[in-house]
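Letters A, B, C, D and E name the chains as they come in the text, with residue numbers starting at 1 for each one.
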Amino acid sequence: MASHAEKKLTPSRILIYATLLLACVAYLIPVFIMIITSFKTTGDIRSGNLMSFPEVWSVDAWIKAWSSACTGVQCNGVSGFFWNSIKMAVPAVLISTALGAINGYVLAKWRFRGSDIFFSLLLFGCFLPFQVILLPMAATLGKMGLANTTTGLVIVHVVYGVAFTTLFFRNFYVGVPDALIKAARLDGAGFVTIFVRILLPMSVPIIMVCIIWQFTQIWNDFLFGVVFASGDSQPITVGLNNLVNTSTGVKEYNVDMAAAMIAALPTLVVYVLAGKYFIRGLTSGAVKG
Amino acid sequence: MAQLQLKGIRKTYGNAVQETLKGIDINIESGEFLILVGPSGCGKSTLMNSIAGLETVTEGSILIDGRDVTHAEPKDRDIAMVFQSYALYPTMTVRENIAFGLKIRRMPKEEIDAEVARVAKLLQIEPLLDRKPSQLSGGQQQRVAMGRALARRPKLYLFDEPLSNLDAKLRVEMRTEIKRLHQRLGTTIVYVTHDQIEAMTLADRIAVIKDGELLQLGSPKEIYERPSCRYVASFIGSPAMSFIPLKVERDGGNLRASLRSADDDQMYVPLPEKLAAYEGKEIHLGIRPEHITQPLAHKAGQEATSSGKFRIEVTEPTGPDVMALIRINDTEVHCRLDPDHTVDPGEPAELMIDLSRAIYFEAGKEARIDV
Amino acid sequence: GQVEVLHWWTSGGEAKAMGVLKEMMEEQGHTWKDFAVAGGGGEAAMTVLKTRAVSGNPPAAAQIKGHDIQEWAKLGFLTNLDDVAKEEKWDQVLPPIVSDIMKYEGHYVAVPVNVHRVNWLWVNPDVFKKVGVEVPHTWDEFFEVADKIKAAGIIPLAHGGQAWQDATVFEAVALAELGPKDYTAAFVNHDMDVLSGPKMVEALTKFHKIRDYIDPNAVGRDWNVATKMVINGDAAMQIMGDWAKGEFTAADKVAGKDYECVPAPGTEGSFTFNIDSLAMFKLNNEANEKAQMDLARTILRPKFQTIFNKAKGSIPVRTDVDMASFDDCAKASMKAFKATAENGGLVPSMAHGMATTSAVQGQIFDVITNFFNTKDADPEATAKQLASAVQSAL
Amino acid sequence: MAHSGVVSETTSQPARGRLTQRLQQWLPKLALAPTAAMALVGIYGFMFWTGVLSFTGSTFLPSYEFVGFDQYVRLFGNARWLTACTNLAIFGFLFIFCCLAIGCFLAILLDQRIRNEGVIRTIYLYPLALSMIVTGTVWQWILNPSLGLEKLMHDWGWTSFQFDWLTNPNMVIYTIVIAAVWQASGFVMALFLAGLRGIDPAIINAARVDGASLPRIYLRIVLPSMRPVFFSSVMVLAHIAIKSFDLVMAMTSGGPGYASDLPAMFMYSFTFTRGQMGLGAASSIMMLAMLLAILVPYLYSELRGQRNG
Amino acid sequence: MAQLQLKGIRKTYGNAVQETLKGIDINIESGEFLILVGPSGCGKSTLMNSIAGLETVTEGSILIDGRDVTHAEPKDRDIAMVFQSYALYPTMTVRENIAFGLKIRRMPKEEIDAEVARVAKLLQIEPLLDRKPSQLSGGQQQRVAMGRALARRPKLYLFDEPLSNLDAKLRVEMRTEIKRLHQRLGTTIVYVTHDQIEAMTLADRIAVIKDGELLQLGSPKEIYERPSCRYVASFIGSPAMSFIPLKVERDGGNLRASLRSADDDQMYVPLPEKLAAYEGKEIHLGIRPEHITQPLAHKAGQEATSSGKFRIEVTEPTGPDVMALIRINDTEVHCRLDPDHTVDPGEPAELMIDLSRAIYFEAGKEARIDV
């Protein structure tokens, strides 16, 4: 890419950078507020305004949010919930992404009679308000003996995540020339080999998008977490909710914000890591015409 | 080494109005080298894809060694194919592209390496083995596509215009390699090309397809010298055969016809006796450029040759020859001259017409008159 | 055995009090599994409870109150506490109006924890002194005083624009206008004539007028933030249940000195109650059942009642608890509780789900909050709407 | 119809003999089976169940005494439901439109070989990392006249500045749009960026030689081939729009009054807090029906369009 | 109509080790038809892309009509190009593909329609106008790619192997159309092809490139008859020129060399006097197939011709001719025979060698000896 990288700074490029930076500012202001708030002391919050910097930068709120803030009767901060979330999110993301990739592959490259209808029906699942399925899902999980287990929660997330992952992958694979699949089939590759050896290597950007989406959704999910997880396997959102809704005395906005930032950290890490793989031009040059 | 039978293959694309293949029947013998030719869009690639199992045929059946594979998976047909569009795996290096089919077949690592090296050498792509397809030139990509097929030892090779983007020199070399390969392995080959020389020199038989129909199937010589119809006659050979309308006359005992040059000079050429039935009627004379030349001493005086003066309208030197355009009976006619024999456009020149290989058509009809 | 308790007592004092209960249970050799779902006045917790029940493993005890207890019992989810009740003589120590709510078809299925008085007016006396006005006792006085306070540049009434807070204020106005009898007719028995009657129109009119005395930013404000405004002197008064006391306490304010609690205007002789309770679910493990019974027993023990209610700002459900260690407001509340229980001024809070089913309550909320947030709303039409809304949910 | 797929019908002809071959043919369908099972139960089973409930008089928990269309009649007699639907229409449209426009625009800008692309991309994306509850809280501060922007402007000396949408029943829904767009547009950007990275540069080169300016190339060449990405984005955004429950809850709790109510909130509160499960079920069925009306034509045209794309 | 100057163009791909273009200098006159030829991977497409502004050159400058456009945007260069890989817009129909460049230039709707219709007719793709590229055959796609360029009237056309996937017949027609277009519009054209005939008949000048270097630039006749070096000589012409090693001897007053057939028959051929300096040394004689033929009466007795008996090793009938392989001085030599003149592989035949066009190289050196 080096040959292209050295673009001169023309006025139009300056404009592009300016626009991008402006957008950055717009996206950053709220988190800026959160961050400075989390470093303020309670007194600071009362005296200054939203945008003012803390008088003294204090990390107490972060420490408290992590290890000693009260979430109900326990006062152990959100750290415990944090690990619960990881235990739930990682398998759920991986399973739903894997399923979505396979589904997308079949729906884009191995169509059969009714596959489009199957896809539409699956897509429709994206629009089910999740509140609708709480009770029947609870009953089903109860019957399977998975009520209030992490496994149950993972299943729930997979069931309602797979529609999206399928959508992402299917729409990505539609753009891959069929000729490649044909060539591989002639080379003797079967269903699985084509997928693993030909398509997966070129799916990196969409895998990343998918992981970003799924991880965010699952990590930030409150409803399923609160309903389908029992006391000591509750995810961080439930902890955060309990922490924030502790409604007595002075509302500790700094602790709330610190907790919110802690809750968001893993997702941010995923973004940074996943983002690396948005490289240009993975499908180019394969097929002419 | 496999026998391939195509029985009444018909194919209509899902969203198309017209049938693309309209019942193709070909028996390809084991070890035969069949070349498909036909105008652009006539259905050659479609037929290849059908043989490979990449398109389902709408009707008809495909047999390999007598086994019906019409509905078999491509990978169960044991076929290697070079795609017209290359279809290289973009994420793999050249080496991986070539090795892929072998890996799938669980060939041991060392053998794969050896095979890749062999193929790369043959195709002169050794320095490129570690590049991605997007970093290759068009011709290099095409050679990798070839390499992918040549690395394997299938029952049947399908080549869809495998050399179209190579330079003439390389193409000759590749052609020789393919021929050698065929002779050595005796693998059945179906090959699409637009290159006449390739078709003539490689093929055991040539199949001429037009609009999804098989027009003629025969040896290169047959196709070239005894085309079954006007279309085949005009399609094979470049520049194409010229068709001169003429009237069959009888002069004394012999049939003859008059050829009129642009300057209204007349000359008479003898016609074969078999055309007697057309006496007084107009027929078309099909003659190839290489049969209208500058006067050749060694042919002069032969029965079928005659000479006349024709005005040269356009000349095109091609290197070994000069192609010229003249006008006979108000029809443009191509002829092939020796570059040493200077002719000037616009000037009349003495030309010799050799009718020994000429063929004849009824006016307005496709079929050739058997003489 | 193990007790799992679903509750939303997560705020500082409450949580501490629950901690005491936990300790008491652990002393008896049980394990305590805390299942706190904070927020939204228990909305999330109710959702969780329902799904847990449907999936077949409900917690041992859950914070359920008012009419919902009957609903749960009707569906057969609740266990019978009669043995404990007899042993502990609940019938003797609980006022009938409380124990009625805890019983389904004559059997105890839930344990009351506390009694809240909802119709309090919280006052910042400094503000009143500064402006030079007296604490109002009727709505007319209220408007008079509020005008002056407003003129002095202080927000007369601290309020949070959430449906239940709107309803809390409305309930106080309605109680004052209708009187306990009609209040009960309207909100407990759903008498359509009363609901759409002239008194209701008057109540609505007054209620709407209150809009003028709250600040425009009230929308969506939490009640404790509103209380904070009173504490800080940004606002003069707040109509809120006695849980507001916790905020004052947390700010080191002393009742009677730094703040005053008086009955909401026009409701001196009445007591709008809001009782928290824990309903006990059927379990299928004997050890856990034992723990469950011990939990029920412990909750009503005076020791827990005292600790918990002091923390929560409410008063014990047992009328025989020693109130000496409670603050002035609690003492006044207890006095009023006992008195109104006699004279019929004790009414269930509509805004807190004690008066009617959640369906009806919801419909009333919708009408009230929409009315309150519409600038030129028509009280008469709204009264009719109220009646038909209630009708539709029956 | 399905011929642009590599394989067309495999059903018509019985597999010849060997089991493995038959397995091969069934493999694609087999691969879909888990998802199909999950969808069948988790989506359609439950949807059916909800449908059944909507015809019952269920109150507190499901019960099965059927009452016909009563719940639907009630639903449409409910002023709050109508407000919620109107809000969803406004919110859904503005939200989807703004996200697409902004996301697409930023993705295109980011595609211009920008230095530090990774950092900028993460900045655009991070709002999605915050749970809607947090987003709602922060935006509530910012938009709250007495806390946020307005106060800030006043503090900075612009005293006539007024921004009270959050407390204005007529405008409050737009504040939710702002917050939601802020949160989701970054993800749309990522989706588009991933799509842009898959486009064959040769095609762009061709357009450049054809004389198209950069904006034009994107408009005419690149964006049309991003149809599947648009499709994905619209689906994702519609999903978020319907799910914005948490956001509304945290920002306005549906207020002032119920001016910012959305159908999902309506459904939730009737089903779970107000003990009118039948009505709640009816409202969710109506929600689905409305979606169906919008979605089906879109799905149809998309899926058809992509076949020969 | 524009003059194009390439000055010292160098190009190294970002991740490549080697330079792809190593300083190309060409002045292309306004209205000139320049054809680039060279082996696969020599840098032709890279050069085309650089001219179009799609690749930045590492060094050197490009001037159009004297204006330096090295850093100008492609759209500001007013160029139309046919890509080797077609690069059709996949979402647009054929019609839209062709019209796109015109729409961009705000041509009125009717004019666009007329233009599209004209181009479609010319390229015989009228029935395909409403299809998407993915529904076309390879040759049809290539014609659309042509159409996209031909619809426009730029200063400069760049054609990168525009006819490689067309059948011979269509290719001849297209060639004629391009020639006509060039004559009519006089637009400057740079054209890459691997087809010798195309190169010979279309070009005003041919540039032979190898490994990123310009080997020779000259008229087709020059390139064919007076190649500057051995590589060009061998590259142009198909089958390629044969190089026969021989020793320059003096026999009396005349220079001569002996040619030895596979059967050890000897014959002597006269050499031009200019080779006197190489007397006693070994030189290489370059001779094209068409100059070794069956005995031709009209040439017999000419000074530069001689005859001899050679064993025919392989014959390849190509239709108009039969290509044969013989062995002279232990080197394989191609010759071109008349199909009428029956020769049998393995048998000796009397052949005539015409040295009038032969060229000579010092043994082991590239450069041609000027004679």
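Following the convention adopted for this analysis, contacts are C-beta pairs under 8 Å (C-beta built on N, C-alpha and C of every residue); 3 or more make two chains touch, one makes a residue touch a chain.
Listed by chain with UniProt protein names: A = Carbohydrate ABC transporter permease; B, E = Sn-glycerol-3-phosphate ABC transporter ATP-binding protein UgpC; D = Sugar ABC transporter permease.
Computed from a predicted model, the values in this text were never measured in an experiment.
The set of chains touching chain B and also touching chain D is given as A, E.
Two chains share more touching C-beta pairs than any other pair, namely A-D. Taking the mean of the C-alpha atoms as each chain's centre, chain D and chain E sit 58 Å apart. Put simply, the C-alpha centre of chain C and that of chain E have 95 angstrom between them. With centres defined as mean CA coordinates, chain C is found 94 Å away from chain B. Rounded to whole angstrom units, the spacing between the C-alpha centres of chain A and chain C is 40. For chain D, the set of residues touching two or more other chains reads 2, 4, 6-10, 24, 61, 200, 202, 225, 268, 272, 308-309.
Shared interface positions of chain A, defined as residues touching 2 or more other chains, are 1, 4, 134-135, 137, 182, 185, 190, 241, 244, 281-285, 288-289.
Multi-chain contact residues of chain C (touching two or more other chains) are listed as 40, 47, 50, 54.
Residues 49, 52-54, 73-75, 79-81, 83, 85-92, 100-101, 104-105, 132-136, 138, 141, 148, 152 of chain B touch chain A in their complex. Per the touch definition, chain A reaches chain D in the complex via residues 1, 4-5, 7, 13, 16-17, 19-20, 23-24, 26-31, 33-34, 49-51, 99, 102-103, 105-113, 115-116, 118-137, 140, 158-160, 162-164, 166-168, 171-172, 174-175, 178, 181-182, 185, 190-192, 205-206, 208-209, 212-213, 216, 220, 222, 237, 240-241, 244, 256, 260, 263-264, 267-268, 271-272, 275-276, 278-285. Across the complex, chain B meets chain E through its residues 13, 15-16, 37-41, 44-46, 84-85, 135-140, 142-143, 160-161, 164-172, 194-197, 200-201, 220-221, 224, 234-240, 288-290, 294-300, 316-321, 323, 336, 340, 356.
Chain C contributes residues 4, 9-15, 18-19, 22, 32-40, 44, 47-48, 50-52, 54-57, 222, 224-225, 228, 246-247, 250-251 to its touches with chain A in the complex. Residues 2, 4-11, 24, 27-29, 31-32, 34-36, 38-39, 41-47, 49-50, 61-62, 106, 109-110, 112-114, 117-118, 120-135, 137-139, 141-142, 147-148, 151-152, 155, 182, 186-187, 190-191, 193-195, 197-198, 200-202, 225, 228-229, 231-232, 235-236, 238-239, 242-243, 245-246, 263-264, 267-268, 271-272, 281, 284, 287-288, 291-292, 295-296, 299-300, 303, 306, 309 of chain D are the ones that touch chain A when the two sit in their complex.
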